[in-house]
Amino acid sequence: MWRKWIPFWHSGVSLHGGDVDMLFIGLLIASLLVLGLLFFLLTLFCVRYRASNDVDRDHRITKSWRWEVGWTAASLAGFLVLFVWGAEIYFQIYRTPPDELSVFVVAKQWMWKVQHSGGQSEINALHIPVGRPIRLVMASQDVIHSFFIPAIRLKHDVVPGRYQDLEIEVDKPGHYHLFCAEYCGTEHSGMTGEIVAMGAPDYATWLATQTPADSLTQEGGALFRELGCSGCHGAGSKIHAPSLDGLYGRPVPLSDGSFVTADDKYIRDSILLPRSQIAAGYQPLMPSFEGKVSEEQLLRLILYIKSLGGPHP
Amino acid sequence: MPDDGAFAPQFVSARHRDETAELGMWVFIATEVLLFGGLILGYCVYRHAYPAAFAAASRHTEIAIGTANTAILLTSSFLVACAVDAFAEETRKTCVALLSGAILLGSLFIVLKGIEYAGEYREHLVPGLDFKFSGELANGATLFFIFYFVATAIHALHMMVGIGLLMVLARLILRAPTARHRAALHSAALYWHFVDVVWIFLFALIYLPGRTA
Amino acid sequence: MNEESYLNAGYTLRSWFLTTDHKRIAILYFASLLFFFSIGGLAATAIRIELATPQADLVSSDMYNRLFTMHGVIMVWFFLIPSIPNTLGNFIVPLMIGARDLAFPRLNLLSWYLFILGGSVTLLAVAAGGIDTGWTFYTPFSTLYSNSYVAVAVTGVFISGFSSILTGLNFIVTIHRLRAPGLTWYRLPLFIWSLYATSVILVLATPVLAMTLVLIVVERLLGVGIFDPKIGGDPLLFQHLFWFYSHPAVYIMILPGMGVINELVSCFSRKAVFGYKFVAWASLAIAAVGFLVWGHHMFVSGQSLLASLVFSFMSFIVAVPSAIKVFNWTATLHKGSIRFDAPMLYALAFIGLFTIGGLTGLFLACLAYDVHATDTYFVVAHFHYIMVGGMVTAYFGGLHYWWPKITGRLYSEYWARIAAVLIFVGFNLTFFPQFILGAEGMPRRYHVYPPEFQLWNVLSSGGASILAIAYLLPLFYLAYSLFFGARAPANPWDAPGLEWQTPSPPPEFNFVSQPVVTRPPYQYTPDFHAEPQNA
């Protein structure tokens, strides 16, 4: 944060990248000071008190505990500073992102599948506009992967069975490495890609040239019919199932008396584990779609349900 | 009480040897606490996450057998404690009889556990082999039953080791008890009580959720 | 060689393989560990050759994954954890405390057999086709996706865990009950304190690993399990359980080394260890606080930010006692009379390398930097600095120091010094470039990598070849000394410890008569009175 007051400090290519670099330099300086002192003393003592050297060795009067307290306190103080510094930046890096431009990332052995909300999809590449926070919604279809962009000093694991939000922002146009940092099997080291950061006009052109078959939401709508969701949730259905209009983002009363907010995770759970949370006033009739829908289809369904409106559009 | 006189050279006396052995048993029990502790911790995490499913699954366990087994184990522990008390040259027959009682009860526990397992198999409650959970909440119930089988199987394994220990000791004591066997009996009893205490925890965690209301 | 020596107590195979003498069991361990270290080292050699170029040229990806997994599994569980405790510890602990054996000699032998059984099962898995999960066995990859011999390898580790537990139990009871008359806690050498702390961890952490491994095997055999995200299980629960063991385990892998360094530093500067009580309690503090920091391996896994905060804080706290030790060793040199025999060279190398490893541990404990550095070569360099630069160095130092006692022969000081320097140079050349690689963002467990990382990788591989030669050297001159070395006197270093008061090699029951202790440890100067420290 306060790096902006330091003259000549290059700010890195992202919002927090420069902060992390500062922290690194700080850690490095602290370590070098400690190491310097230590190596200096070691060398000094080894030379001065080598057995063949004739020096005064009377050490009986040393009051050792003062030294002990001294260096214990000094280390502790140094450690506390480093701890607070690191923690502060960490909380900024991982703050819960607001609902900015969302991009969906599905990790699977051994590729990154990216879905832009306009329907453009790409594999092992992610095109983003510069200077603008982007919210990644990440899911894994099989094992744990980890989304790692060294240039912006940022990574996060993608654990199957849950969504992971991550906010990224790149401030300089360019091509950057994307790595999978969590070991995930045979082609783990091949699960790499490219982040392409572009100026806003270039990005717009790029989006336009990618020919989306359909927007994700439309595809979600189609799925909603194909999978038979509309049979229950559609208007005029004979089954007593809640209408999904205006659901997204609204608090939902559950049969056990509690409330949950209908966010991505809730909808995902409703589809995969419908019995875990039953909406109040309904029978647990909905079948589980576990194993019947892929992560990519789930994303589309969620987008579709989202498009049906919510408390704040 | 005759002492077998010989003790390994690292000890200064037979008593030193026996106290050392007992300390060893306490350290071993510390290990065991952590062994079951890890498992029980995992159980608690999931029970917290899926309270309804765990309660529902718990209602599918055989409370009758579980309660009977608790009573059986408590009694056996009592018998073992009495056996330690009765350990003396004159009363060695009583001591052995008490131990045999505990052995029998322990074996009964295993048999009942087997019956319970068989019942659960018939009701399709064994994850991985044959699992059909009629109620809702099948996923959470699967988690519950995996814990159930792992925990009770490991516990049963400990029971069998304990039974073996008691059998060996009963035989030795019947032949000719020595001071050395007193220490051994003492340690074996510690172990037996420990296994018993573990069961009390397992009983509360496995059979009771969902049965309070 | 004195006729009474434990080495002369029998020559048959039976007298070795059914022995309950802690000294012979230590030798059995030593030979087995040499074997496992060679296998782990060969795997490391293959890894480094492969990584000399960015492309895949020596092995396939599958093979590469098997190599580093085998390297990690064998080095951690079958070399480093038992290294100092089971060889030097087994041999020296009873001697140091004036006992005739460990408390439970037969358990000690059983522990070796379990170790060999566990090792054989693991090697069986390797021979059958290997295992490719990494030494951390993360689920759901290890349980539901990997098609290698996970269950077998895990069983091997499981069995060896019981060997660890038995060793820890034996040491705890021995140290409590078998100390010589007059040997109060504060008269114990610091090596004993650190092994005591190690044993506490062995006894309390290993069972959690055992249970976790059982759960993995269950999940693998049944196809469903409690870490299975498909039924709502949580893969992070596995990580919590695994690190609850494995973080304390890293202190199993350093505390014994620190213990050895105490002995070496004080012996070769002929001075008591500075701040004895602080160093002694620091060992126990590390063992205790070490149980509360496991979450620092999961800063980017999605555990709650608050949990990360606490674990980061505790990680800094656990570094304090290590700092205390480093400063006390340095202070011990002050006004000493320092000799630079090979063990002392190793000790000095240890202090430097351990500090570098520890300080980079702080980089990782520092939340925001770990987000960047985790799962990169920065971590790999961090732990090799501590485990290889620290613990393996301490192991070599201790081995040289007690070699005359164990074998009754003197090794060649000349060659030993050459090897020590060569190890130091080779080591730094191998692992320092990996810090740079990590800081630049090269992920670990990567079979192929972008070409811009090649320079540092080549340096690292070059260093590894120096290191390999340096590690082979001792094999030769130590073996040579066994047959042609000069006979060692009882106390070649002129040290006051009890282990030096008995002939080299010691008789079967260690002491001719029961020693009685009347002084604090480390009384190198005759007119020396205990420092009025801590007063």
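Note that the chains are named A, B and C in the order they appear, and that numbering of residues resets to 1 at the start of each chain.
Simple rule for what comes next: a residue touches a chain if its C-beta (ideal position, glycine included) is under 8 Å from a C-beta of that chain, and two chains touch if they have at least 3 such contacts.
As the structure is a computational prediction, the values presented were derived from the model and not from experiment.
Colleague: Give me the ID of the chain with the smallest distance between its Cα centroid and the all-protein Cα centroid.
Modeller: Nearest to the common C-alpha centre lies chain C.
Colleague: Between chain pairs B-C and A-B, which one is joined by a greater number of C-beta pairs in contact?
Modeller: Between A-B and B-C, contacts are more numerous in B-C.
Colleague: For chain B and chain C, let me know how many angstrom lie between their CA-based centres, rounded off.
Modeller: The mean C-alpha positions of chain B and chain C differ by 35 Å.
Colleague: Measure off the straight-line distance from the CA centroid of chain A to the CA centroid of chain B, and report it in whole Å.
Modeller: The computed centroid separation for chain A versus chain B comes out at 46 Å.
Colleague: Where in chain A do residues touch two or more of the other chains?
Modeller: 273, 276
Colleague: Any chance you could list the residues of chain B touching two or more other chains?
Modeller: Expected reply: 50, 139-140.
Colleague: Which chain C residues reach two or more other chains?
Modeller: Residues 232-234 of chain C each touch two or more of the other chains.
Colleague: For chain B, which residues count as touching chain C in their complex?
Modeller: Touching chain C: residues 8-11, 16, 19-20, 23-24, 27-28, 30-32, 34-39, 42, 45-46, 49-50, 127-129, 131, 139-140, 142-143, 146-147, 150, 154 of chain B.
Colleague: In the complex, go through chain A and note every residue touching chain B.
Modeller: Within the complex, chain A contacts chain B at residues 256, 273, 275-276, 284.
Colleague: Inside the complex, what are the residues of chain A that reach chain C?
Modeller: Chain A reaches chain C through residues 16, 19-20, 23-24, 27, 31, 34-35, 38-39, 41-42, 45-46, 49-51, 56-65, 67-68, 71-72, 75-76, 79-80, 82-83, 85-91, 93-94, 109, 142-144, 146, 148, 150-151, 153-157, 159-162, 164, 177, 179-190, 192, 273, 276, 290-291.
Colleague: Residues of chain B touching chain A in their complex?
Modeller: My answer: residues 50, 52-53, 136-140.
Colleague: Considering the complex alone, what residue numbers of chain C touch chain B?
Modeller: Where chain C meets chain B, its residues are 94, 99-105, 165, 169-170, 172-173, 176-178, 203-208, 210-212, 214-215, 218, 221-226, 231-234, 237, 241, 244, 509.
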